[in-house]
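Same chain, two partners: subunit A is paired with subunit B first, then with subunit C.
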Partner chain A sequence: MVKKIEHDRIQEIIAALMEKGILYAPVEDEEGVNFHLVDDPARVTLDFYNTVQGPKCAFFPQTEELIRYRMTHEGADAAEVEPDESPQVLFGVRPCDVRSLAIMDELFCGGGIVDPYWKNRRDNTTIIAYAFDTVDTVDFYGSFGIGAADDTGADILMVKVDGDLLLDARTEKGTALLAALDGLDEAAAEDEKRFAAAVEGAGALETRRIDTDCVARDLPGIFDSEFWQTEAAPCLNCGVCTFVCPTCHCFDITDETLFSKGRRVKTWDSCMFTDFTLHASGHNPRTKKHQRLRQRVNHKFSYYVTNCDVISCVGCGRCTRFCPVNIDIAGIVERARKRASSQQINNQ
Partner chain B sequence: MKGIEKRLREEAKKLLETGSVSAVLAFRDGYDGDHPVPFAARDVSDADAIVFNEYCTHNLARYVTEYEPGTKIAIAAKGADSRALVVLIQEEKVKRDDLVILGIPCSGMKDARRGTVIDEATTGNTVNPVIHDIMLADQLPEPDTSPYSVLTDLESRGHDARWKFWRKELSRCIRCYACRNACPLCYCDPCFVDQTEPRWADKSPSLESNLMFHLTRFYHLAGRCVDCGDCSRACPMNIPLYLFHKKVAKECEEMFGQTAGMDPEETPVMVDFKVEDSDEILL
Partner chain C sequence: MKNPYMPMPVTIETIITEVDTDDIKTFRVVFDREEDAVAFQYLPGQFAEMSLYGTGESPIGIASSPTDEGYLEFTVQKAGMVTSELHGSDEGRTIGIRGPLGNTWPLEYLKGKNVVVVGGGFAFTTLRSLTRYMLDGGNRQRFENITVIYGARTPGLLIYKDELAAWEKRDDVETYITVDQGDENWQGREGFVPTICTEVAPSSNNTVAVICGPPIMIRFTLPVFFDLGFSKENIYTSLEMRMKCGFGKCGRCNVGSKYVCKDGPVFSLAELDALTPEY
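Presenting the complex of A and B:
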């Protein structure tokens, strides 16, 4: 049962969603459109191709307090900060970004130790996906079997058609949320058709493609190749790619103390930083930037596949769009495949 | 600019053929022609991949400090790039003799991501290289606009308003360090912000630690920043860093009568002392 609301009345639906829980949605800000905790419905927008950063902040914020402490004469007075269990809504997420959450689930709750900070929020969040209606030249999410109107992992799929937002539940959670939002109109038969047509139309959109078949098998063979020096040469070793990426998840844990009070925090870290692998001994196994770029590509396209059976990339294109020197990870993977196959031919 | 590209390729080929340089720092095409990538040509065959267009905005002096001292390098240097090279020479990070500077006079460069033309509002607008071995095009007329007029608005606001402005802008910082890493003069190893003993700035991007990072970085750049604007362009959060470093540059020029990166024989102001220097700060 499709529901609808005129796009111009979006603020009404946002205000209603804010009453259901913590709301993360795309907000127009100085950096462009980006996911933010919404405090003002007027700032939410669906006028974007994709957001600056992925939506991982809704489950894995850049800073997460773990422990708060106070030093006293008797020692440390410390208390754990309980993982958040508030209901959340994540609104306006592109299909590739919805897929990123399942990829991160493998890591944060896939086996062995479960990360309660991640899992609680995932369990308590309703996801409203937002179908693409165009493609750009940088995305390559089609390479991972993700469609422009893919609803995998979404509780609700939303399309923007003419002046309307049409929403259709995909899970019980989604049905429950839609039912609880008074401002939505029941869609007419015509709207159901428009919804179906929009989804079909989006299905015809083609992003650029890279061949991801067996890439995890190819990469180890060129580990020692000078290929990586060439590819890493322009890299600045900043953390932009990792911080805009919806599937990057490395973090650091540090204590921030001022005089006698402090907190232990988990913060995003980046394998691209020079001191990422700096050991307490002073040894650093990845001092050279080609080692770090090689690591990032291998982690996403090879090691994660070995450990979690899925490539840790959704082809959203953000790393490419925001890289200060225009490095294109899709291009690197393609050239790596070519190098691996020519190396195999040479070895025969 | 096609003329510059042609000449750049010719010069690169000559230099690589004769083996007089180990690398020519230039650009190649990226995933499309509007997104070039900094590129070190090493073989003669690499020279054909060199491009130069209005999107080749990156300050290539940034890569000079990655090479072993003594390595002979040719570098495609726009105006601000050449000034950064001057500062590196002044600071003895590279020897003048180890560089073959291929000067590129240019203006009207473009920021592909923001869809804007780059001008004196966000850069020093140094259209002509201040140092070169070979000029790849004719010098352009010197601009008659000041690179500091963009500061007028902020300067006219009171102290509280400016402090509020910077607190707002810097709270957006996600500490990706794109600004620092794009800067040709941020070559400290280790950088103060990466140190843990003591930890000068917390890892989390709270306003306090963001202020610690940025204010310290701008002051480390006082008298050295050449207003290339790469830091501002690199920032994924559109923080107008150029407003801060322009102000620091302007103050330095006014107090010490010297502009950063103009003359290899000069010493950067913060490591030099002249009897006539202003002692306002002491009073």
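Presenting the complex of A and C:
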């Protein structure tokens, strides 16, 4: 059952969603538009192509408290910061970014020890996906079978059509949320058609595509190639690619103490920084930038596939869009694939 | 759900300074809570994150054996912030432990085989755990001949000196202790670990070598074992990497498709050959 609200009345739906729990939604900030914990419905916007950063902050905040402690003479008194179980809504997520969450689930909730902070938030979040209606040239989510109005992983799919927002539930959780929201209009049969037409129209949107077949298998074969020095030559080691990436998950754990009180926090970190792998002894397995770029590409397109059977990239295009020196991961993967196949031919 | 980031409180019961340079100490700790002591079931080769609030955490191999009841031991070299803070601690201080983490020495595989333990310098801690475990009363019969070859640069840098002396007196383990260079009081062997391995020449028949040491020692010791006929499947070692979470989420110790924290730290040479050489 499609529901409807005029785009101009977005504040009403935001206010209604805020009643249902914690709300993460796109908000204009100094960087551009990003997901924020919403405290004022007036700040939420749907006028953006995609957010600067991925939506991981709703489950894996840039800084997350794990423990609070107080230093004592014998050591410290410490208390766990219990993983949050509050219901929350993530509003206005592009389909490729919705897919990134399932990829991250493999890591945080997959085999072995589960990260309770990620898992609890995932279990308690209702996701309202927001279909694309245009394509940016750097995006390549189509390479991963993701459509511009893909509803995979979404509880509700939202499209914007001629000044109206049309929403349709995709799961029981989504149905329950839509039913409980005040201010939404029941859609007329005409709106149902508009919704279907918008979804179909988005299906015709084509991103650029890269061939990911065999990449996971072939990348290790060019590990020692000079290819990586060439590709990494312009890299400034700024780490923005990992910061905006919806599937980059590396983090640090540090203690912050002020006088006798402190907190142990988990903070986003980046494999693009040289200190990331620096041992206390001074030894460092990845001191050179080509080693770090190679690590990032291999981790996403080969190692993650070996471990989780899925490429850890959704083709959102952010790393390319924000790279100050125009390094394009899609191009690297394409060239790596060609290099690997020509190397195989030469070896035969 | 148990929070894997939350350390268990332990109290430092005893601190032993192992070497004459004072920068390697063994910390014996006991759990503050009985339920933690019961829950902490480990095997030789595993490690734990040692946690000091206000400073941070550091992954340290467990040097005691699970056959040692009532306590854990960690032998720690003073290197970074956490280990320096730990070295400055007094007995009685409460610290934290997260673990046990990582895989173990291949105990099932070692069953019924000869085991050659080769260590150099400070890198003898989880090998000590393994050796103590194998030499423990009930366990000894599960293994055939046990040989320990251990060396340090100087006599003062040998760790676990009393224990080494006790092993030398036992007749169910062959112990070869060496130093690169002795001093006026040293009456034992002199020579690098690879040289002693050549002299001892353990048979590769039904034998597994377990080797830990500084890279230079490993580099010269491996060819000795290859010449003796050891296959890469029968040589094991333990890797060190910078780590944070210790259970495969933070991404720091990723080498190829493996995480040293959860897929290691113990690997056979055959497994290491399949990895990218980034450790």
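Assume the second predicted complex is superposed on the first by the 347 of 348 C-alpha atoms of A that agree within 3 Å, B and C clash if a C-alpha of one lies under 4 Å from a C-alpha of the other, contacts with A are read in each partner's own complex, and residues count from 1 in each chain.
Operating definition for what follows: a residue touches a chain if its C-beta (ideal position, glycine included) is under 8 Å from a C-beta of that chain, and two chains touch if they have at least 3 such contacts.
Source: prediction; values computed, not measured.
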| Fit or clash for subunit B plus subunit C once both are placed on subunit A? | fit
| remark: In the superposed arrangement the C-alpha centres of subunit B and subunit C open, at the centre of subunit A, an angle in degrees to the nearest 10 of 90
| query | Does subunit B (first) or subunit C (second) touch A:Thr254, or do both, or does neither? | reply | both
| message | Quick one: is A:Asn237 in contact with subunit B, with subunit C, with both, or with neither? Answer first, second, both or neither. | response | first
| task | Please tell me which partner, subunit B or subunit C, touches more residues of subunit A. | result | C
| said: In the overlaid three-chain picture, which partner chain does A:Glu172 touch, first (subunit B) or second (subunit C), both, or neither? | reply: neither
| Touching partner for A:Asp162 - first (subunit B), second (subunit C), both, neither | neither
| query | Between subunit B (first) and subunit C (second), which, if any, makes contact with A:Asp39: first, second, both or neither? | reply | neither
| query | Is A:Val325 in contact with subunit B, with subunit C, with both, or with neither (first, second, both, neither)? | reply | first
| query | When the two structures are overlaid on chain A, which partner does A:Ala78 contact: first (subunit B), second (subunit C), both, or neither? | reply | second
| task | Applying the touch criterion given at the start, work out whether A:Gln62 contacts subunit B, subunit C, both or neither, answering first, second, both or neither. | result | first
| field | subunit C versus subunit B - closest C-alpha approach in the superposed model, Å | value | 6
| field | Contacts on subunit A seen with subunit B and repeated with subunit C across the two complexes | value | 252, 254, 269
| query | Can you name the residues of subunit A that touch subunit B in the complex? | reply | 29-32, 52, 62-63, 137-138, 233-234, 236-240, 243-244, 252, 254, 256, 265, 267, 269-270, 273-275, 320-322, 324-328, 330-331
| message | Per the contact definition, I'd like the list of subunit C residues that touch subunit A in the complex. | response | 1, 3-7, 9, 53-58, 79-81, 83, 92-96, 240-242, 244-245, 247-252, 254-257, 262, 276, 278-279
| field | Interfacial residue positions of subunit A with respect to subunit C in the complex | value | 66-67, 69, 71, 74-76, 78, 80, 82-83, 107-108, 112-116, 119, 220, 223, 249-255, 257, 262, 264, 266, 269, 271, 276-281, 285-286, 291, 295, 298-299, 302-303, 306-307
| said: Quick check: in the complex, which residue numbers of subunit B touch subunit A? | reply: 30-32, 35-40, 58, 62-63, 113, 169, 172, 174-178, 180-182, 189-190, 194, 199, 202-206, 230, 233-234, 236-239
